[in-house]
Amino acid sequence: MQQRVITIALLIGLCFGLSLLASTMTNWRMPDNQQGYAPEQPIAYSHRLHAGELGIDCKFCHSAAELGRHAGIPSSDVCMKCHRYVTASYDVTQEKLRIADDEKKLLDEIEGKPEDQISAETMQALKDLQARADALKVPSSQLQKLYKFLALDEETMQPKEGATPQSIPWVRVHNLPDYACFNHQAHVAVGVTCQTCHGPVESMERVRQYATLSMGWCVNCHRDATRDGVNGHEVHAATDCTVCHH
Amino acid sequence: MATLRPTLITGGKVPADVTRDVCAPMERSPTALWWGAFLLASTALIVGVVAVTYQIAMGIGTWGLNRTVGWAFDITNFVFWVGIGHAGTLISAVLFLFRQKWRTSVNRSAEAMTLIAVVCAGLFPVIHMGRPWLAFWMAPYPNTRGSLWVNFKSPLLWDVFGISTYLLISAVFWYVGLLPDLATIRDRSKSPWRRRVAGILSLGWNGSARTWSRYETVYMLLAGLATPLVFSVHSIVSMDFATAVIPGWHTTIFPPYFVAGAIFSGLAMVLTLMIIGRKTMQLENYITVGHIESMCKLMLSMGCIVGLAYGTEFFIAAFSGNPYEQFVFLNRALGPFSWAYWTMVSCNVLVPQLLWFRFFRRNIAVVFVISIFVNIGMWFERFVIIVTSLHRDFLPSSWADYAPTSIEIATLAGSFGLFFTCFLLFCRFFPVIAMAEVKGVLEKPRRAPKQDSEQGDAA
Amino acid sequence: MSDRVLLATFEHEEDLLDAVREVRRAGHKILDAFTPYAVHGLDRAMGLRPSRLTWVCFICGMTGALGMLWFEYWVGALAWAVDVGGKPWNSLPSNVPVAFETAVLLAGFGSVFALLGVCRLFPGKQVRPLLERVTDDRFVLVLDQTDAQFSATQVEAMLRPFNLLELEERVVAAGGVE
Amino acid sequence: MTQLPDKSRTADAALHSLPVEQADASSPVSRRQFLEAAGFSLSLAAVSGCGRAPVETALPFPVQPAGVIPGQLQYFASTCAGCPTACGLLVGTRDGRPLKMEGLPEHPLSQGGLCAVGQALPIGLYDSHRLTGPLSAGESAEWATVDQEIIQVLGQIKEQRQAVRLVTPTITSPTLQAHVDAFLAQFENAKHIVLDAVSSSAILDAHEQTHSARVLPHYQLDKAQVLVSFGADFLGTWISPVEFTAAWSSRREPTEEHPQMSYHVQVESRMSLTGTNADTRFTIAPREQHLVLSRLAHEVASLAGRPLAVSPPLGGSLPDTEIASMARRLWEARGESLVLCDAQDVATQIVVNNLNHLLGAYGETLDVNRPSQQRQGNDRDLKQLIEELGADQVGALLVADVDLLHELAAQPALADAVRRVPLTISFAQREDEFASLAKFVCPDHHLLESWSDAEPISGLVSLAQPTLRPLGKTRSVLESLAAWSGQPATTYEALQQHWQQAIHPRRQAAAPAEFVEFWERALHDGFIEVAAVATTGGEFAAGAMEPPAQHSPSDDFSLLLYSKASMPDSRHAHNPWLQELPDPVSKVTWGNYVCVSSADAEKHSLEDGDIVKVSAGDGGSEIELPVLVQVGQHPGVLAIALAYGCKGTDRFAKVGPQWLESRPTVLENELVGKNAAGFVEFRDGARQYNRSGVTLTKTGRQRELATTQKYNSLEVPANIAPRGGLRRDVVQHTTLAAFAQDAHAGAPEQHHDNKTQLWPEDHPKSGHAWGMVVDLNKCTGCSACVVACQSENNIPVVGYDEVRRQREMHWMRIDRYYTGEGDAMLVDHQPMMCQHCDNAPCETVCPVLATVHSSEGLNEQVYNRCVGTRYCANNCPYKVRRFNWFKYEHDDSLQNLVLNPEVTVRSRGVMEKCSLCVQRIEAGKVKARSHGQPVADGAIQTACQQSCPANAIVFGDMNDTESKVHAAQENPRSYHVLEELNVRPSVSYLRVVKNREEKDRKGEPHIG
């Protein structure tokens, strides 16, 4: 009798544990495998928006990828190339455009009409639009952070007195161990796309480690590249140890 | 029809006596002598553990090695213990195949010694690594390195397979041999816990004739497997050196030379233990002077083979006309480490020559002393081979000296501690003599005569 | 159902051997014999056929050797051919030692586990010894009483000349005398 | 934070299991069983989640400087200020920090070479022991206050017309010199005293007499066919070693077509680096120099048909025949011959000048019109200063870039005298002996932090530019002086101003007329050639040659004070790389010692490491140091290196691993080495680095020397040498005569066939096949490459004890062998690094594939795969593998800035070795590929090759038949070390050719 109870209990435990395992199988990782790592960033920069919707080329910001070992996290002044002028968030700018259109429509309606013939509703509508426009928050909270790091005055976009610009402490997503050395230039030069290793970044709101970045993953890609070539032309992707380990 | 058997066991023992005598040490509480020995051994063991812990915490630098002499005490101890580990299998397997019945009294303890020695040996390849916690990289397991396996061309990897196989097979061999005796213990022991433990360990052995016949077959098979194994293992160990380019290592005679040396040292260690054991456990009737003498004969022959090997090395060096080779051997005999070399020669070649004389072979005290000498000599053989070859190799600029540190000496002591601690525990908790086998070789007492009619019928 | 068996206990292996021969000559069925050590010739006397464990051993050994040889070749020459000291990708001599060791390992373990299997030996197995001393210094012959022309007295008469110590009847559960 | 999801999961597991347990709470057994079950499920849950690496943030520039590419090395041309030689420098900076010093290839003097000191600059920069701000009376202060106080005190001094003395070593910077003069001009009684640790003032004084111009001639060794040097260690430390090495080695390259090379005789008392490389070497007692030179002059004069009036006395340890032949060869090569001498005795130097005049060296191999400004020390001024100080006549004493008290240790009273000086200012970067007494310490920049310029040779001006912002609140001497002279200016402004006024007008026709372009050209190239400053006089007026004084023989020793190539002066005493760099000759690291000749060692039964007391006759200064028995040293001579025992070097006490049996690098209240400057005496107007009447006594104590080489000969010990196996031909020799007949002369006869392979060669090297060739005939053993490698490859400093235990970590070592005896002795220097064998013994034995062969012929060592069995090191015939016996510390976060990010920092327990700078190879390949071109020959240089002053190392692709390395391997002199092992190295060596008659090697058969 008691034996049976025990066995049942054990079975329950076992099934429970197994089910638990099964549930986690999806993100089953070898130790040190950082795949899927998507830390929160000091500024909620959206690659989906910039690289995706706005279609900015990766190398516009990560310009060093063509020139050296590191793709490099762009320095904050790169952001300022646009955000000196674009200070509002994406939705806000869109909203503003919409309001402007409506306002224009209304104004067209009342074009040349004398004061007294303009209906109260229209006036009200105009007022409402005004109110909506004023309600819009400019600049966006995220950009404010940027300006703060750069110690810029939000109105004038001029450096604040006495304040020195700070580096933005981005959290590293793709982080190889110190004994492994990946050279971006080498790969970009032969036309390996960023997505090959970094995945569909243009669709990521917050950047996530896409590949396992395990040695096997690198080596197999090198083998395939040597066999099939990279988009058309032939390459020799060596699998010598010291290509990465020196 | 009744075959004549030589007197192997004295004192006119009958099976019942065997059971009693052999089980006695397990059943009575340990003697003061045992406690003393155990205390000594375990102290040495603790010293060793401390030393190894310190070394692993600090780094290999706590050994006296340098850029030129990369191995010294560590691998010396390794080869030494592997060598010790060879006698057991030799006695139980090889002598079994050669139908040497006298082995039955000593094979159990010899096998135990083998097991323990191989464990001691196995430690050193691990702790001698710069990063012992990565020792598992030596195993060919599937990995995410795409997929990077191990180097099957490296003798060190052969070692990994050789030693682990040897350990496992000897363990199985020992345990299988132990089964009937465990059953005996189970059936006769009074204390319930021993009954229970022996019951589990004996796997429900019941001495059925069917089981016995299969058992015999398997035992024979294991012996047949263990015999080539024992030769292969030390051949592989010798290849660690033989396949290298270093003069003094790069020698084709190493495999036989090492195997002979291994058996030599193993026998010496068995003798040392047996001579102590038979005294302390009152087993003089089972391990008789006859046993000791026949082991002495074996040891003498092995000693001569080893001596021959020493000579051959020099001859080949001279014959080869290779100045590096020649220099290494001159350096061994006359260089900074000549003291070690001559210790080796005198202990391994000169001293054992006494065993040509029956008087010495049958004189327990003398044999004991000789066995100790051989143990020392064989340790130095490995030391000489490793250190003298390394410390002065090709480029004079990188010649270096070697001196052990306290840590290394403590580690060596620790390995002896481990060995004796385990062996003492074995003597305490296991039948040191294979009862079932000894019973089989007892001298048969007179039988009551049978009726002639039976005879007639039979005829 | 249950069997009634007859246990004949002897003191010396020769007695047992002779008794076994005698009993078989008389055409009685021997269930089993129990001895403290391996009695030579008993298996022949009882007419047990030689064990087939040697084959198990051989097959395991071959598997080990060939399997390992292939694995080493695959690792060295196919999976990731790495230049090691200018040695050939597939260098047979250097593959032999490991292959050999593996062969021995598998052969050894294979035959031992086969033994435990066929003899149904496993930890925690309950044994009801027929006689305490069967693992000490007694030899027991177990005869089946169920066959037709069996009679205890006859058997006793038959065995007495072989210094029979005692004869005992026992009822055991089906499935042998263990 | 990334742990969270996993944690929560395990928590759930515990939660869900609760009700079930209550249901079954009745029986204790089942509870226990149950908990096991629960525990099991938990463990599964735990397994299901794996840990994350710690969060790492990346900080980009807020605003990125133009041209900076993250992780790319950028080179800036500059000038080395490690010593007054002012070699051209290429500073490699990465992400804004200088990492690697390289030679400036176009530089006319150093020609791309850089010495060990230059290579070791970075670790001196990232030194936490440097002063970070000014000190006032030992307390750290603000610049403003310090300036204020100093200006005020200076004001008083000006009023009271007190003497102002500024002591510096030779200043090659024209701008700084100008500001020094300007500063001193404020005062009525002010003087600039030039103190060189190792001064050559006698040479200048001699030329003042013979050429009526106090100049140091510019020695042009590249023009010298016959070269006789009396004690001048010009390849090691004398005046401009890098320049001289380049020049000297340019004449050491005999080819099959032109089997010619220079003839170099060295006459010296101790074994100097130059001596080891000479074709012929004689040893004489130091005091015989004058005598021998006079007799040589006599011989040459008579050859010239202008016999001297007085013929010098006979005797001395150099036979007439030798002197005669020396004279003959000098005379035959007149116009192309040169005599050098390091004597600090004007009379002797006058003889040298006469000799060189007779040989027509002036204008050919000697240039006094564009003199060298690398040594300006004036010892007479110094003597005077000491007297003034003694008499309390100095109001203000300013000392820059030299430790006055350390160098003048012979004057015990000096310290008190300095204390009595009203105003003492030190510009020291670290608190040295003088600084610790000085009222004010105004620390100077490290040279990589500040602007500067130099004019080593009149007419060659070069610029030094800062490569990072000053790490501390330091200030350049120039700025300090400017501030105190009342017209503060930044060094940059000062430089431009001075160049505009003084340098630009001297421009050559080719140079840009616009100053801005002129400046930019100079800045880009690092140097620019201008018109030399016209020197007054320069015409030879034969000074009277006084006959040498006769010396009565005595049993007393004569003591030689020298400086090591690895530690030329005390400013580098805090540099761990240089401290651990083996001396090129003795191979000893960490400290100085007394070199004793073998004969004397035998006589006094001395062995290496015996501590002896050396005391000067006057009973004044004495010193206790361990002995080094130095072969090739003249009997009766002791030699001790200067620049040791510097204040603050006890900081190295704990360098290297500390464990149960380790010995400290610096003993209790001692320093690294001992200061031997106490033996320097003033004699006839110059500081003398040798003195006689020195006694030596054994103390009976011992201190093992930390040498990297224990056995010093190519010949194995005779008592255990097999027949025909006495000598090992790892270094092969031949003589010029033999070479002229057969270019393959010197190759041992082959006993082996290394064509046929045991197994099929199925490892084609289709792409590149990297290889290296080292020309042993050019290599002088200067050891610059050792430090270059250390700096490039993050090689740790391991300290005295580890070196003593033969565990030094240098990937590149230089083996030094003595063979033969006396004058016939041969000394060889053999750079030894991983030979990258195609049949590498180390690779076969590694169980985990941590060292394997690359498809380009490199022997790869993968640190992160290594488990540290040391089997590979055992099996390496060249013993070039280095093991990390301990975790060598990288705790000093400032010092860690020196680490090269391209090279992994090895952890404890792994093997390492020369990788042929594979990181540079990979970078070079990527660079070429991204431009779509093949790798050009010479585009990839290894660290050792780049900086080799002798140009002895060639590296490249052996598959490229056009490459230099391929050509070098085709050279008849090329051979492999231990060829008979058929390990097929990728590194070859070029046989040594000595321009001498064979005297040793009496038909001794060789290994090979």
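Note that the chains take the letters A, B, C and D in the order they are written out, and that residue 1 is the start of every chain.
One rule holds for everything that comes next: a contact is a pair of C-beta atoms (placed from the backbone, for glycine too) under 8 Å apart; a residue touches a chain by one contact, two chains touch by 3 or more.
Computed from a predicted model, the values in this text were never measured in an experiment.
Visitor: If you tally contacting C-beta pairs, which comes out ahead, C-D or B-D? Let me know.
Guide: Answer to which pair has more contacts is B-D.
Visitor: Measuring from the mean C-alpha position of chain A to the mean C-alpha position of chain C, what distance in angstrom results?
Guide: From the centre of chain A to the centre of chain C is 71 Å.
Visitor: With centres defined as the mean C-alpha position, give me the chain B-chain D separation in Å.
Guide: Once rounded, the distance between the two centres reads 56 Å.
Visitor: Could you grab the centroid distance between chain C and chain D? Build each centroid from C-alpha atoms only and quote it in angstrom.
Guide: Computed from C-alpha means, the inter-chain centre distance equals 79 Å.
Visitor: Report, in whole Å, the distance between the mean C-alpha point of chain A and the mean C-alpha point of chain D.
Guide: 51
Visitor: By residue number and range, which residues of chain C touch two or more other chains?
Guide: Only 80, 82, 84-85, 87, 91 qualify.
Visitor: Give the residues of chain A touching no fewer than two other chains, as numbers and ranges.
Guide: Those would be 30, 33, 219.
Visitor: Chain B: which residues touch two or more other chains?
Guide: Those would be 146-151, 153, 157.
Visitor: May I ask you to sort the chain touch graph into line, ring, star, complete or other?
Guide: Chain contacts: none of line, ring, star or complete; other.
Visitor: Where on chain B is chain D touching in the complex?
Guide: That would be residues 54, 58-62, 64-68, 70-71, 125, 128-132, 134-135, 137-138, 148-151, 153-157, 160, 240, 243-246, 321, 323-324, 326-327, 330-331, 334-335, 390, 392-401, 405-407 of chain B.
Visitor: Tell me, which parts of chain A touch chain D in their complex?
Guide: 2, 5-6, 9-10, 12-14, 16-18, 20-21, 23-25, 28-34, 37, 39, 64, 66-70, 72-78, 149-150, 165-172, 175, 177-181, 183, 185-186, 188-190, 236, 238, 240-243, 245-246
Visitor: In the complex formed with chain B, which residues of chain D make contact?
Guide: Touch list, chain D to chain B: 657, 659-661, 709-714, 716-717, 719-725, 728, 730, 751, 802, 805-808, 813, 815-817, 830, 832, 841, 844-849, 865-871, 873-875, 877-879, 881-887, 907-911, 977-978, 981, 983, 1007.
Visitor: Spell out the residues on chain C that touch chain D in their complex, using ranges where they run on.
Guide: So the residues of chain C in touch with chain D come to 82-89, 91.
Visitor: Residue numbers of chain D touching chain A in their complex, please.
Guide: 1-2, 9, 12-13, 16-17, 20, 24, 27, 29-30, 33-34, 36-38, 40-45, 47-53, 55-64, 69-72, 767, 852, 854-856, 858, 860, 862-865, 902-905, 915, 918-919, 922, 926, 929-930
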